[in-house]
Structure formats: structure tokens, C-alpha cells
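After this come two complexes, each holding subunit A, first together with subunit B and then together with subunit C.
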Partner chain A sequence: MIRYIVRRLIAVAGILLVICGITFVIFYVLPADPATLACGRACTPERIAEIQHQLGLDRPIYQQFFDYVVGIFAGRTFGTGEAAVQCPFPCLGFSYQNNLPVWSLLMDRLPVSASIAIGAAALWLLVGLGAGVISALRKGSLWDRGAMVVALSGVSLPVYFTALVLLYVFYIRLELIPYPEFVNPFTDPAGWISAMILPWITLAFLFSAMYARLTRAGMLDTMAENYVRTARAKGLPERTVVVKHGMRAALTPVITIFGIDLGQLLGGALITETVFGMPGVGQLAYQAIGTIDQPVIMGVTLFAAFFIVFANLIVDILYAVLDPRVRYT
Partner chain B sequence: MISMAIQSTVRLAAVVAAVALGAAAACGGGGGGDEQQAGAKGGTLTLLQTDDFEHLDPARNYVTNSGDFGQRLLTRALTQYKAAPGEAGQDLMPDLAVDTGQANEDKTVWTFKLREGLKYEDGSPITAQDVKYGVERAFSADLPEGPPWPRQLIEGGDDYKGPYEDKGGLDSIETPDDRTIVFNLKRPVPYFNYTVTFPVFGPVPEDKDNGVKYDNRPFSSGPYKIEKYDRGKELVLVRNEHWDPKTDPVRKARPDRIVVKMGIDPTTIDQRLIADQGEDQTAINIEDVEPSSIARIVNDPKVKERFIQGGSPCTRWIGLNMSHKPLDNLKVRQAINYAVSQESYITSRGGPVLADPTSTIMPPSLPGYQKFNLYPNNNFKGDPEKAKQMLADAGYPDGLELTLTSTTESGAYGPDQAEAIQQALAKAGIKVKINAVSASVYYTEIGNIKRQDDLVFYGWCAEWPSAETMIPPTFDGAFIKPQGNNNTSQYDDPEANKRVAEILELMISDPQAADRAWGQLDRQIMQDAPIVPLSYDLRSQLIGSKVTGAFGAQMFGGHVDLATVGVEQ
Partner chain C sequence: MAVPVGVPERQAPGPTTAAAGGRVEGRSLPQMAWRRLRRDRAAMAGLGVVSALVLIAIFAPVLTWLNGYSPTQFNPGAIDPALGGVPKGPLGGIGAEHWLGVEPKSGRDIFSRLVYGARVSLLISVGATGVAVVLGTVFGIVAGYVGGWADAVIGRTMDVLLSFPSLIFMIALVAMLPNANRPLLLIVVIGFFGWSYVGRIVRGQTISLAQREFVEAARALGASTRYIVFRELLPNLAGPILVVATLTIPTYIAVEAALSFLGVGVKPPTPSWGQMLSDAVDWYQVIPSYFVLPGLCLFITVLSFNLLGDGLRDAIEPRGDGS
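Take a look at the complex of A and B:
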């Protein structure tokens, strides 16, 4: 088990390094030169060269990449002389737009993204799994059809549409809630829930729909398996048959998807955060793209990739717990 | 303070406007900045915006919304524009200085005397040496985003690397005493007292300077100081108790507190301000309203009352790349001028509420402006028949094919605008292929003279009320450069180039005659039809029902002038 985890962790590091390299190359070949952008349009080539030198952009790409990777583990210093700025471990670059290390920007934004992701995930698991299981057990019923129609709507509607409709209805028309603004859950739990409820519902509407359909399909397959029939034949209570034998196996693919989805959201729910004005990692990425803040875009990419890869690792470990047929090899 | 170029098609750092906006600029809200309407001091003003300010460090603060916020609230400069609606907003006022500067006879040496009793937020005195240090910082490659004027105008600016590398400072900026600063310039600059309105000509105490990080906490010389600044999220200003209103003829500093909330979706900002609930009643949308919100705003009289329009000294146009055939042919360029429908272009951007059509390079707000239309095209609707005839005369009876660069994102140069131009030119037999690029690389692409398409959207703002900062950089052949090129027509006419030099000379001896000459040169250049003028934009903003004294400030790109705005409590 431990060897398996260590092996997977090494693989995770390798994947992140590859992602880092690809992202670095993409930015390197882009025509948007940060020095030119910073210098504006009334700029001379000499001045651009000075700024490129100051930002270290005049060095060969392999050297820049090496510095970047080393900086992640050992920290870096940007600039020289009195204007030099420190970027401590783990240095994912320095944002000259925000004048802060990328890592501190990410850490500042993570609580918001985590609040959105975890709350929405709890909601969609509750609704999605519940609706999926009941639909499967009552296949063809009014409940099943109704739930699947709602699910289809949820999958079909874009997040930005749902978000704007919710804002319009609950904030502007009904005035039921204040405009969502992130507050610290530890100092004001009620305010936190009030602020988060619309983003949660927005995301949960989309994901519940997908999870309901996925769970329903999985449950229908599993409940038709021979071992379920055997369990019933042995006289086990229906609840035990459904929960222990049916759901456990049906949830395996759901957990796989859940790992990726949660990892993605922890790396920033870009559209939801942007529409609701939530200062999370996704919104940071959106702002960075608008200002071509390359270190931040790189940082967010790596950060999001880390969550997805890491969430997959956790999912793989959980597999064996859920499904006794899976063994670590 | 206007960023030299119209910086971004998406975020519209600076926009185009008409002089006639003087009247429009005053409409809405508290209107006109009238003292009584503006109300008493106190309360909290909220600014809602999508993006963070580009930079508030005075050395890096260059674009209009950051300039409005930084200059009107936080950091003062030697001179400043009057806080007044319409063209009066172009009037020069002393700020830190006791007057608007004294020049020697040939305008190469400018002297400014500071007021007595000027203080920073900690009560320490503001000195001429601090202003010198503030200007010198702009030479550092670590702080590159500010205006180019210190480097371009001050003697020795070509070689000086800034105070981080060269402790000795720039000898051409003298401070004979704590209250006097003297600038020795490379050449005569009659409008240098306007140049020093930029925040970079303000004080920075050396012991508070922490390089690039100064941007996150500039030390205040203005009426407010920063209490909290979470980049991209929230900025809170509170009163600077050491700011003395008696030393400041421009700023009213009415609210006790100013809260900037960032990262809000633009459509949501519009929805909130239209709904006008709670704290949004004392809020301002610091950016333009979305075109999709215009109908809801103008069709509801109660909301329309809170709609603020402001102009700026800027123009948008299509540059015709004269280095490409057949655009080297005058008749072809004239035909395109006849064919383009400014009305369609403006409609594609949201309609006449957002822009006025134009036929000149200079916007009407600039001194010396002449109103003319050398290519009358059915009142800006386009005249394809005339264009076809011109093309036939030019040897293209079967039409021609051209490329046009646009942005992939919506905005002033987006897909809708490109299609509007494409459709208008198609009627004249000109087939246009649209080459859409990301807004983030748009200027890099069109500024590369080898890669530049036949037609490019462009725009320019005057940096101060003179065509001196508009016509030479965009139409003088000497300004054509391989990359970062702003002369988008690659127009290099010896007569026009010579005239530019003559007018720059004339500015020293007779500024009024020079202003008139710029207007004449505008007509002379348009006879060569290097561009198709499109529009003067109107910045369109919405304010809450309890915001007072709001109007669009001409020299801040039409943004609500934060020097006068207040809130009802």
C-alpha cells in the first residue's frame, strides 16, 4: 500500500513537471510579450529590451524554465539591487501586476474556491446520489421521469445562465438575500452560508444532474447483477442489498468522476466565481488572462493540475475501500 | 490624464468622445458638480468594478480609471485638471505647485514652486526633493508602465536608469530648495505644465519606497489614504487627516470612506445599479455599462436619471496600411472612406448612446479643431455607389479584396464591429477577410509593420489638450517603427512631416496659432485619406440614487470625476 502511494506520488510529480513544461512553452511562443505590454505603445525597442532583461525574459527558455522549477523548491529573487523582490518557497513566480508572489495570491484565494467547491460538492452529492438511487429503484415511475427531466435541464443549462437567473430572482426581484460576498466561515457562519448559497446551488444544479444520471445508470446495472439477486435470495433486507451491495459497486465510477470534479473546482470555478464576484482562484485566473499576467496564469494552471492529479490519487486509494475486487499492485 | 493610446478594446482604458459632450457630460446624478447638489461631507462611497486598477504607484499610474482614482484621491502632482464637467475639465490648475509653472523664454526650463504646508499621510512635509525622486523612479526598468514623458522630455533621460541603479540622481532635475523644482528639458515644450499633471510628477518619499511593492500601498499626499488593499478583491480608503483642503484647489473629498469592490461581473454591476438597493444606492460603476444594458437604462426614466455620460479627447478610426497595394492608391483609400458606414459601426457597439460618428482625426474637444467631412457618405450611412465609382476610376472596376484585423473578444474592435465594416465595404465591391486575434495581443500584432493587415482598427487620445500628442505620434513618418508602431497607416508624407515640425516650432512662439495649424493639418492629412475616422466614444456609467456631484471628467476618459463626488446619508 505504502509503496503504491509512493509510486503514485512520484508519478504525480512527473505529470506536474510535464504540465509545467508544456505551459511554459505555450507562454514562451505566445506573441504577447510581457515587457512590451508593460511598456505600453509609446515605447522604444531599447526600453523593451531593458524591461525584458529586468524580467529575465532575455535568457534562453531552458534557463528560464530551470529557474522556475528550482524556484518552486528553493524560492527566488526577482530583479536586482534595491528593487529586488523575494519570492519564498514555494515560488510559482511573481506577479508584476499584483506585485505579490503567485503563491500568496493563490493562498489568499483558496479559501473562497474551497468554500464553493466543498459546499457545492456536498449539495450535489446529496441531491445527485439520492435522486439517482431513487430513480433507479423506481425506474419508470413519475419520480424517475421527473428527476431525469430536471437532470437533463441541469446538464443543458450553462452555468453562467443559471447563475445570472438565480441572482436576478433571489437578489434583485425577491430581495431574499444580500449580494453574495465572501465572509470568513469561522467568524460569521450564517453570513458565509448566505453568501455561498447561490454559487452552491448554481454548481450543484449542474453537477447533481450529471451525478443523478450517472448514479441511476450505475445502480440499474448493478441491481441487475447476479450477486445482488443472490443477496436478495439469501434473505438480506432490501436496505442492506441496496446500500451494501448495490450502491457500493455503483458508486465506483461516480467516485472517479467526483475526484476530478472536486479537484477541478478547488483549482477554481472560473465562471461561477466570476459571475458572483467571488474572489477565488478561478476569478484570479480570469483576471490574469485579461491582463496577460503570465506568472499567475502559469501558477493557477499548475495549482489546478495539482488538485486534479492529487484528487485522482485519493480516488485510486479509495477504490479498494469501496470495491474489494480492486487490489493495489 | 489620459493614457496615450486607447489601451484596450475590451476594458476600454481610454475612450473616444466629442466636444459636444460638454453638455452631455453634465447629465445625470448630482449633475454638474454643483456645490449644493453635491451635498455635505460624510458617508461611504462604493465603486463597483470588474478589474483591479492597473497601477496606483504614481510612477506606473497611466490609464484613465487608475489616474482618476489615484490622482483625485491618493497622490497629488505638480498641476492638475479642474474638476468640472465638459471642456472646463481641460483647464489647468495648480496642485502641489503654487501656480501652473514658470518657463524660460524658449520653454526648455520649467520651474515649479511648491505650496507651504503640504504633508503626507504621516504628517511629514512634502518636499521638492521627494517630487524629484518620484520622477526619477519612472526611469527604472522595474517600474515601466507609466507615461513616457519623463524619458522623452527631460535632459539626460535617454541614459538615466532610475534611482535603484543610479543613486546620483538626474542632474537635469534641480531642487535649489525644499520648495522649488526645476526641470531642464531636451527641447522646447510649451505644454510641459500640462505634462506634470501625470501622477509621476508627484512626490514619493525615498524612505517609503519599496520598489514594485509600492504599488500596493502608495504613501498618500492626497485627501485619502489606503486602509486595506486586497489585490483584485477590495480596496478601502479612509481620510488622510494630514491633508489640508486649503492647500488643494481641486479635490472636494466629500465621502469619509471609499470602498472599491472588484471582481464583479460587468452584467451583474449593471443589474445591481439598475436595481439600486441598499449600499448600491451610494455606488458607482467605474467602468462602462454593458451595451446589452443600455435599453433597460434609457427606457426607464428613473434609471436614466442616474446615467452619466462623459467625453474624452480621443478618436477611433480604421488605419489603411499604405505600404500595401492597392492602399497606396489615393482613390482606393478615398473609396473606402466613402464606403464605410460609421453608423453601422456605432450600431454594432450598442448605438448612438455610446458613440458619435466622426470624419476628422482630432476630436472636437481639442483646441484648433475644425469640423469638416471630405468624404460625405449619406450622413455616415455609407455611400457604396460613390465608392464603386472611385474604385473604377482607380482601376478596380471589379472590386478588390482586403484583410482587416479585429479582436476575438467583444469590444470596440470585436467581431461585430469587423462584420459591420465588412458588410459596408461589401456593398462597394470590396471583399474583406477578417483576421481575428485575441485582444491581449491585438496591439502587438498590428504594431508589427511586417505582419500588419490592410485595415486595422485603432484609436488615440490626446495626452493633454493639444493635438501635439495626437497627430505627430500617429501620422508623422518619423514615428513609423518596426514593432510597437502607432502610425497604423504607415503614412509618410514629406509635406505633412515638414508641417508637423513647423507647428511644433510655432507652439513655442504662438501656441494659439499652433492650435489652429493642427486643425488645418488634420484637414491636409485627411485629403490623403490615410484613415477612415469612425467615432468619438461617450463613456457611459451608472450611479446609485444617493450619489451626488457626479459628472464625466474629460481628461480622465469620461470617468466619473472622483474629486467632486459625494453621497447622501
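Take a look at the complex of A and C:
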């Protein structure tokens, strides 16, 4: 098990390094000269050369990449002498727009994205898994058919459309809730919930639908297994059969997907954040792309990839706990 | 709590046993799948809507000619400049003249824009699906059939692609690349980031097929790799690939709409549903029909493809319990 985790950690590092490399090549080589962008208006050739030197852009590309990766782990110093700027661990560079460290920008935005992701995830697990299990146990019933029609509609609705409909109905027409904004959950929990509820419902509607479909299919498969029949035959209470024999096996694939989805959302729910004007990581990415702010784009991409890859790893390890058939070497 | 005992329910006898009493007729797999599909009312409804959409997209010029307004034509007469360019008449100007109303400010005809939007949506999603399916099939078969280092390289590549925050990347790429031909660029970018999903499925199917007796028999008889791939593997992969492709189209429709919604999809004045929704954000309080119409178009289109895809999957890979 330890060996497996170590091996996977090395693979994770490898994947992140490759993603870092590809992102670097695309965003540093492809578009306009970053120094010109960083310089802004009223720019002289000397000033550009100076900035290029300051950012290390006059060095060979592989050297730049090496500096970037080393900077993440050890921090780095831009420029020399008087003009030297210290960028501490974990250094992802500075925004061209406002010269703030990318890492602190990300840390400012993370609570917003995490609030959206965690609230929505709690909601969709409850609704999605619940609806899926009940549908599977009452296959063909009115509830099952109704739930599956709703679920199929749910997976077909784009989030920005759901968001607009919800805003129109609950904010404009019924005036039930305030316009969504980020509220600190620790100082004002009630305000946090009422301000975040629309983004949560928007995301949870889509994901609940997906999870209900997955859970139902998984439960139908496992409940038809021989070992479930055996469990019933030996007289176990139905509740034990459903929960311990059925759900445990049926939910493992769902957990896998949950890890990936949650990881992806922690790295920024780009569309949801943009529609509701939530200052999360996704919105940061969107704004950075609009202004071609390369260090920020790089930072967000890596940050998001980190969450996805790491969530994958945790899920794989959890697998062994949930499913005794899985053993790692 | 009473729970039905988990005896696998049998579906109505399938077409293979339908000839009860008579002679057993031979039917090909596609014929059987088609028969199963025809009984699936939801899937047939999906197929109906999808066909209608394809016709609408093809005959978009005819439809707008009937309507009398081109999708890019400004109609200042249909809006009220005194009220900031709000369409004249109720419900965003819906009426005999403009069937689904007009856009605020520009007065462009919404029906015409929706019809042309269907073109953009289908063109890009089907094109990108084509790219993803071709790449996914080629790499999936190579990984699954050749194995060894090829499998390792392709497998790792797919891992990396699946871990990519692809939406951020697509937005950045489309925003930064020179945009001579946006639809083509979108097709390539969306397809490139999507092929690993197809690749994984094809790889898995190929591995299990390659171990089957008929492939072994062909190999024992001295068949070339080329023969095995094109005559033994591909025909058996066609079903799963068709299912994945049908279910990939709606996700790409949503991706294209999302990109257009975020302002990096097709460029105005070419109409796209996502772009219309994005324009409607500023007006959703005043003219709800402006965002509801493109939203409904997207919803119905994606839903129909999903229904068709689900039906195809059940028809091509039937499972005993009919779930």
C-alpha cells in the first residue's frame, strides 16, 4: 500500500510537470511578447529590454521553464541589485496586470471556489445518491420514471441557462433571496447560505442528475448480483442487504467520479462563477485570459490541474478502503 | 420496508425469439439493434427532433427567406429607441412580423438567428465529435492492440489530457490563436481535448476483443494485422463508437455554447445560441424571452441527442435487466 502511494505520487508529479511544460510552451512561446504586455503604454525599447531581463525572458526557453519549476518549490528572485524582487515559495510569478504575486491571488480566490464546490457537492450527493438509490429499489415505479425524466433534463440543461432561470424566478420575480455574492461563512453563516444558495442549486441540479443516473444504474447491477441473493437467503434484514451489500459496491464508481468532479470545481467553476459574478478561481482565470495575463493563466491552470490529479489519487486510495476486492501492490 | 425481490426482470422477448412458432430468421446485428431502437419511444422522439434540427440547419436560408429577415439584418423599426432599444410589443416583440421577437438594441430577428444558430451548433459539435472519434479510435486501437510501449505512451497521454483543466485551456487557446477561421479552430480544439474519452473506451473494447476466439482464429490462419484491425476489430467496435459519438455530440454542443457564452466561440455577427444567451444576460430582467428562447433550443437539442444516445446504447449493448 505504501509502495503504491509512493508510486502514484511520483506519477502525479510527472503529470503535473508535463502539464506545466505544455502550458508553459503554449503561453510563453505562442502569443505576443510578455514584456510588451507587462510594460503597458508609453513604452520604450530600452524599457522592454529591461523588463525582459527582469522577468528572465532573455534566457533560453528551457532555462526559463527550469527557473519557473524551481521557483515553485524554492521561491526565486526576479532581477538583480536594486530592482530585485523577492518571490517566496510557492512562487508562480507576478500578475502583469497588478504586480501581485499569483499565489496570493489564488489564495484570495480559493475560499470562494471552495464554498461553491463544497456546498454544491453536499447538495448533489444528498439528492443525487438518494434519488438514484430509491429509483433503483423501486424500478419502474412512478417515482423512478419521474426522477429519471427530471435527471435526463438536468443533464441536458447548460448551467448558465439554469443560472439565468433561477435568477429570474427567485431574485427578480419572487424576490426570495439576495443577489448571489461571497459572504464569509465563519463570520456570517446564515448570510453565507442565502448568498450562495443559487450557485449551489445551479451546479447541484446538473450534478445531482448525473449522479442519480449513475447510482441507479450501479444499484440495479449490484442488486442483481448473486451475493445479494445470498445475503437475502441467509435472512439478513433488507436494510442491511441494501446498505451493506448493495450500496457499498454500487457507490464505488460514483466515488471515483465524485473525486474528479470535486477536484475540478475546487480549481474553479468557471462558468458558474462568471455568471453569478463570484470572485473565485474560475473567474480569475477568465479575467486573466481576457487581459492575456500569462503568469496568472499559468498559475490557475497548474492550480486546477493539481486539484484534479490529487483528487484522483485520493479517490484511488479510498477505493481500497471501500472495495475489499481492490488490492494494490 | 417492502422492497421488490431482485429477480432480474426479463424484457419482452427480443427480436431473436420473436419468430416463435415460425422459422427462425437470420438477422444481422444492425437489423436487431434497429428493431430494438424502434420500440424505444423516447429514443425515437429524440431521433425525430434531431432529424428535424438537421433539416432546419440545412434549410436555414429557406426558412429565413420565408420569414423575410436575414439573421444579421438590423431592424430599427422593431425597437423603441426611446426606451433604450427595447423591442416594441409584448414578449420581446413576438408577433406575426417577427415570429419569435427581436433582439433589443439591434432589432435583429430572433427566429432567423436561432435557425442559423442551429447550423453553427451542429456544424461545430459534429465536426469536433468527428475529430475526437477519429483520434480516439486510432489511438485506442493502437494502445489496445499493440500494447506494450504504445499502450504506455498513449495511456499516459490520455491521463494528462484527462487531468487538464480543459475549459480554461480551450478559452485561452481560442482567445490567443489567430482567428482566421473560428469554427474550424473550435472544432480542432474541442476535438483535441475530447478524444481521450473515446480513446479509453475503444482501448478497453479492443483489449477484450483481441482476446476473443475469432481474432485468435484469424491470427492462427495467418491474417495480417491490417486484416484483423479492419475486418475483425473495427466492425465490432462500430457499435460502441456510434454510441459514444452520439453521446459526445450533445456535450460538445454545450461546450461550444459555453465558449460562445464566454465570448470566445464563434465571432459575431455569426449567430450562436451560447452567444445569444450571453447577450441576453444584460436583459434577463426586462425581456425574459430573449434568454429563454436560445436556452430552450440548447436544452431541447441536447436532450434529444441524449435520448437518442441512451436508446442506441440500450439497443446496441442490451442488458438483461433492461435498465
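Note that in this section the second predicted complex is superposed on the first by the 302 of 329 C-alpha atoms of A that agree within 3 Å, B and C clash if a C-alpha of one lies under 4 Å from a C-alpha of the other, contacts with A are read in each partner's own complex, and residues count from 1 in each chain.
Definition applied: contacts are C-beta pairs under 8 Å (C-beta built on N, C-alpha and C of every residue); 3 or more make two chains touch, one makes a residue touch a chain.
On a predicted model such as this, the values are computed, not experimentally measured, just so you know.
Undergrad: Just subunit B (first), just subunit C (second), both, or neither: which does A:96 touch?
TA: The answer is first: A:96 touches subunit B but not subunit C.
Undergrad: Look at A:27 in the shared chain and tell me whether it touches subunit B only, subunit C only, both, or neither; answer first, second, both or neither.
TA: Only subunit C; A:27 stays clear of subunit B.
Undergrad: If we overlay the two complexes on their shared chain A, which of subunit B and subunit C does A:7 touch? Say first, second, both or neither.
TA: In the superposed model, A:7 contacts neither subunit B nor subunit C.
Undergrad: Just subunit B (first), just subunit C (second), both, or neither: which does A:54 touch?
TA: After superposition on chain A, A:54 lies in contact with subunit B alone.
Undergrad: Under the stated touch criterion, which partner chain does A:164 make contact with: subunit B (first), subunit C (second), both, or neither?
TA: Both: A:164 reaches subunit B and subunit C.
Undergrad: Output check: A:244 vs subunit B and subunit C. Expected answer is one of first, second, both, neither. What do you get?
TA: In the superposed model, A:244 contacts neither subunit B nor subunit C.
Undergrad: Now for A:292: first (subunit B), second (subunit C), both, or neither, which partner does it touch?
TA: both
Undergrad: Pick one for A:152: touches subunit B only (first), subunit C only (second), both, or neither.
TA: second
Undergrad: Which subunit A residues contact subunit B in one complex and subunit C in the other?
TA: Subunit A residues touching both partners: 30-31, 164, 167-168, 172, 274-275, 289-290, 292.
Undergrad: What residues on subunit A touch subunit C, complex-wise?
TA: 15, 18-19, 22-23, 26-27, 30-31, 137-140, 152-153, 155-158, 160-161, 164-165, 167-168, 172, 216-217, 220-221, 223-224, 228-229, 232, 238-239, 242, 264, 267-268, 270-271, 274-275, 282, 285-286, 289-290, 292, 297, 300-301, 304-305, 308-309, 312
Undergrad: Using the touch definition up top, name the residues of subunit B that touch subunit A in the complex.
TA: Touch residues, subunit B against subunit A: 3-5, 7, 10-11, 51-52, 54, 62, 140-145, 147-148, 151-152, 161, 163-165, 211-213, 215-216, 230-233, 261-265, 267-268, 271-272, 275, 277-278, 280, 438, 440-441, 443-445, 447, 473, 481-484, 486.
Undergrad: Which bits of subunit A are touching subunit B when the two form their complex?
TA: For subunit A paired with subunit B, touching residues are 30-33, 35-43, 45, 47-48, 50-51, 53-54, 79, 81-85, 96-100, 105, 108, 164, 167-168, 171-172, 175, 178-179, 181, 273-279, 283-284, 287, 289-292.
Undergrad: What does subunit C use to touch subunit A in their complex?
TA: 1, 3-6, 8-9, 156, 159-160, 163-165, 167-169, 171-173, 175-177, 250, 254, 257-258, 261-262, 264, 274, 277-278, 280-281, 284-285, 288, 291-292, 295, 298-299, 302-303, 306-307, 310, 321, 323
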